[in-house]
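We just call them A, B and C in the order they show up, numbering each chain from 1.
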Amino acid sequence: MFDSSGGSVKQIVVESVSHTYRPARGREVLALEDVSLEIAPREFVALLGPSGCGKSTLLYLIGGFLPVEKGAIRIEGAPVGAPGPDRGIVFQHFALFPWKSVRANVRYGLEKMGLPREEQERRAQSYIEMVGLKGFEDSYPSALSGGMKQRAALARTLAVDPKMLLMDEPFGALDAQTRSLMQAELLAIWQRSPTTVIFVTHDVQEAVLLSQRVAVMSARPGKVKAIVDVKLDRSDPHIYRSPEFAAKVDEIWNLVREEAIKAQ
Amino acid sequence: MRYLPLLLCALIWEGIVQLGLVSRDVLPSLSDVLKAAWMLAREGDLWTNGVASLYRGGMGLLLAIVVGAVLGVLMAWWRAVDAFVGPLVEALYPMPKSALIPVTVLWLGFGDGSKILLIFLGCMLPVTLAAYNGARSSEQALVWSARSLGAGRLRVLWDVVAPSALPELLNGVRTALALAFVLLVSSELIVARKGLGYLIGFLGEGGVYDAMFAVVLVVAFLGFFADRLYLAGTRRLLAWRE
Amino acid sequence: MARMTLRLAPWISILALAAAWELFASSGAVTPFMLPKLSVVLERIGADAASGDLWQNLGLTLYRALLGFTVSAFAGILLGFAVTQNRFARWALDPLVSVGFPMPKIAFLPIITLWLGFHDLSKISMVVFDAVFPVITATIAATAGVERQLLWSARNLGARPGELLREVVFPAALPQIMTGLQVALPIALIVGIVAEMKMGGAGLGGAMITASRFADSPGVFAGIVEIALAGYLLVKLMALARRRLLAWHPEAMAPATV
């Protein structure tokens, strides 16, 4: 495979990774089995599968939140290390610091980077405005709606200029209308400044709408069942109605359906 | 085993005294304390005083639970009662209940009566508050369902509100139980002629420290076991919750 | 008109109680010894205030109880953190805390006076011994309950593992820790008063017990009113502090339902 510059450098390489959860009480659970995947720079890849298939687990392994016990994960050639701002993460339930205002949340990563104060404020402000939260800089998360919280979380993660975005069902906790709006906004942001995105979801339409490649995962223990290319004209505002879109959704849904049934 | 550190503490206690690291006048050895406890039990002092204490504590707590629970549910059910009694409860809650010790003695002297009154007054508040919160939290949907099925106000109170209030109420009673022990021991330490608290003071003044330590531990563990028994007992009652 | 009565309502009950007290005490149904008139009690409080006795006693009682409370707060939070962060601390402290919590620790007062004498140190120690437990259990529950994703987000944004305790765990745990502190404060007062009553001397507890020994019933009732007011003010202050510190909390955002 080749990236946009013609070279064959993969940014993220997942090689035969397996992961077992060992809870303090209860039995061990094999969440991922022998998963391999390669992601090029600035690619938008969806991890799609039924609940429990381990897609979030894979995300957490790439993010460095869980240790890689079997197999290997390499980021730009080097083995994956502890969590850090190069792999920005966005969670389903926002994980905003409730005791900090929106501004303070967005500034957190910038403080950790050691930027001078004025630079922190400038960058924080620009990202807050970019996600459409101008005027809410001093609000606390508990005063914000779900959609606004997710925008704040996105601004916080983007502000540290990560090399890639790890998104764990980021719109799952939002109502259908907000979710639609957020999907469009994410797409717009990505098209303006493309960055690598690994997007975990169980929603086939969302995966087809947003990503260039969809990795379909099997039910637990998770394996990569298939990788489907999605080449669509995303500038089309009526993309949902296009036959190509429907066909793609169908194709992928057929792959997912039997896994979803197994996961019941 | 979860309680291993306690066993180690006991061994360390015995060790430091036997090795002479701490004077026996200040810390009797664990073995001496246990021997003294045995003697007190055999001679009957432990029982007579223990029964006196438990009688006082039990009566006071029982009264507090009955009156407190009824009052709390009434407050939740009738706005008028709530509006009037509510502010009093809120104002009296922060008062340290031990401040009532002198006045109960003034009224009823050094005997059982003052202790029972003290525990009744002191423990009523947590029970009332718990019953109130529990009754108020009974789901509106449940109440409406009952009413639509033809239940009168009193029936709803009995069939829906009281059971919903139960978990919170039981929690409040647990607090009251611990408070009852504290108030009982406190008043017996200061103004009593019998009872376990009195016995501790009496032995202390007499310099019989191993026996004093023994009764302290008996009282402390009584409180602990009462709480554990209570939890075990109420777990059955709350089985339907999950 | 209805709204006005709703706001006045708390005061109405208290005034009604006060009026009932005064009337009942004046009626002759009880002796002045059993229930002195409220006016007599208030006069006594005024006299004590003028002579300085009130301030000295109240000051001492509050000093001991609040110092003990402060020590319990710091010690309790530190020990609670230790239990969640350190395996050995958890193994050693968990049984001690769970066994000690329901015990009437006031029973240990004679042991404390045996070891530490009859001065402030033993009174304060007794308070600490009692008040530290709710703080420890609240801190343990609070820190154990901090969401994993908050910690992960912080690390993701560049926080070092050593910074997490101060920057994420503590603020996230603060609401529940404050609740523990709000439980510990009344305990500190109750225990402080008992210790004073047992040991005698200066302080409201000592003054009240002396009054009861001298059959000075206005003195006893004055003490009750004084400590009730002090307790009420302290609890209100803590509630205010909670609202300030936790202005960001959802409970502060939601309108209070009547």
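As a convention for this text, a contact is a pair of C-beta atoms (placed from the backbone, for glycine too) under 8 Å apart; a residue touches a chain by one contact, two chains touch by 3 or more.
Computed from a predicted model, the values in this text were never measured in an experiment.
Undergrad: Of the chains present, which has its C-alpha mean closest to the combined C-alpha mean?
TA: Chain nearest the overall C-alpha centroid, as shown: C.
Undergrad: Specify the chain most distant from subunit B by Cα centroid.
TA: For subunit B, the chain whose C-alpha mean is farthest off is A.
Undergrad: Return the distance between the CA-based centres of subunit A and subunit C, expressed in whole Å.
TA: Their C-alpha centroids are separated by 48 Å.
Undergrad: For subunit B versus subunit C, what separation do you get between their C-alpha means, in angstrom?
TA: Those two chain centres are 18 Å apart.
Undergrad: Indicate the whole-number Å distance between the mean C-alpha point of subunit A and the mean C-alpha point of subunit B.
TA: 54
Undergrad: Could you pull out the residues of subunit A that touch at least 2 other chains?
TA: Nothing qualifies.
Undergrad: For subunit C, jot down the residues that touch at least 2 other chains.
TA: none
Undergrad: Using the touch rule from the top, collect the residues of subunit C that touch subunit A in their complex.
TA: Its residues touching subunit A are 147, 149-150, 152-159, 168, 171-172, 174, 247-250, 252-253.
Undergrad: In their shared complex, at which residues does subunit A touch subunit C?
TA: Against subunit C, subunit A makes touches at 63, 65, 82-85, 87-89, 91, 93, 95, 97-101, 108-109, 112-113, 140-143, 156-157, 160.
Undergrad: Under the definition above, what is the set of subunit C residues touching subunit B in their complex?
TA: On the subunit C side, the touching residues are 9-14, 16-17, 33-34, 91-96, 99, 102-111, 113-115, 186, 189-194, 197-198, 204-205, 208-209, 211-212, 215, 217, 220-221, 223-224, 227-228, 231-232, 234-235.
Undergrad: Within their complex, state which residues of subunit B touch subunit C.
TA: Spelled out, the residues of subunit B in touch with subunit C are 2-6, 9, 26, 83-88, 90-103, 105-107, 178, 181-182, 184-186, 189-191, 197, 200-201, 204, 209, 212-213, 216, 219-221, 223-224, 226-228.
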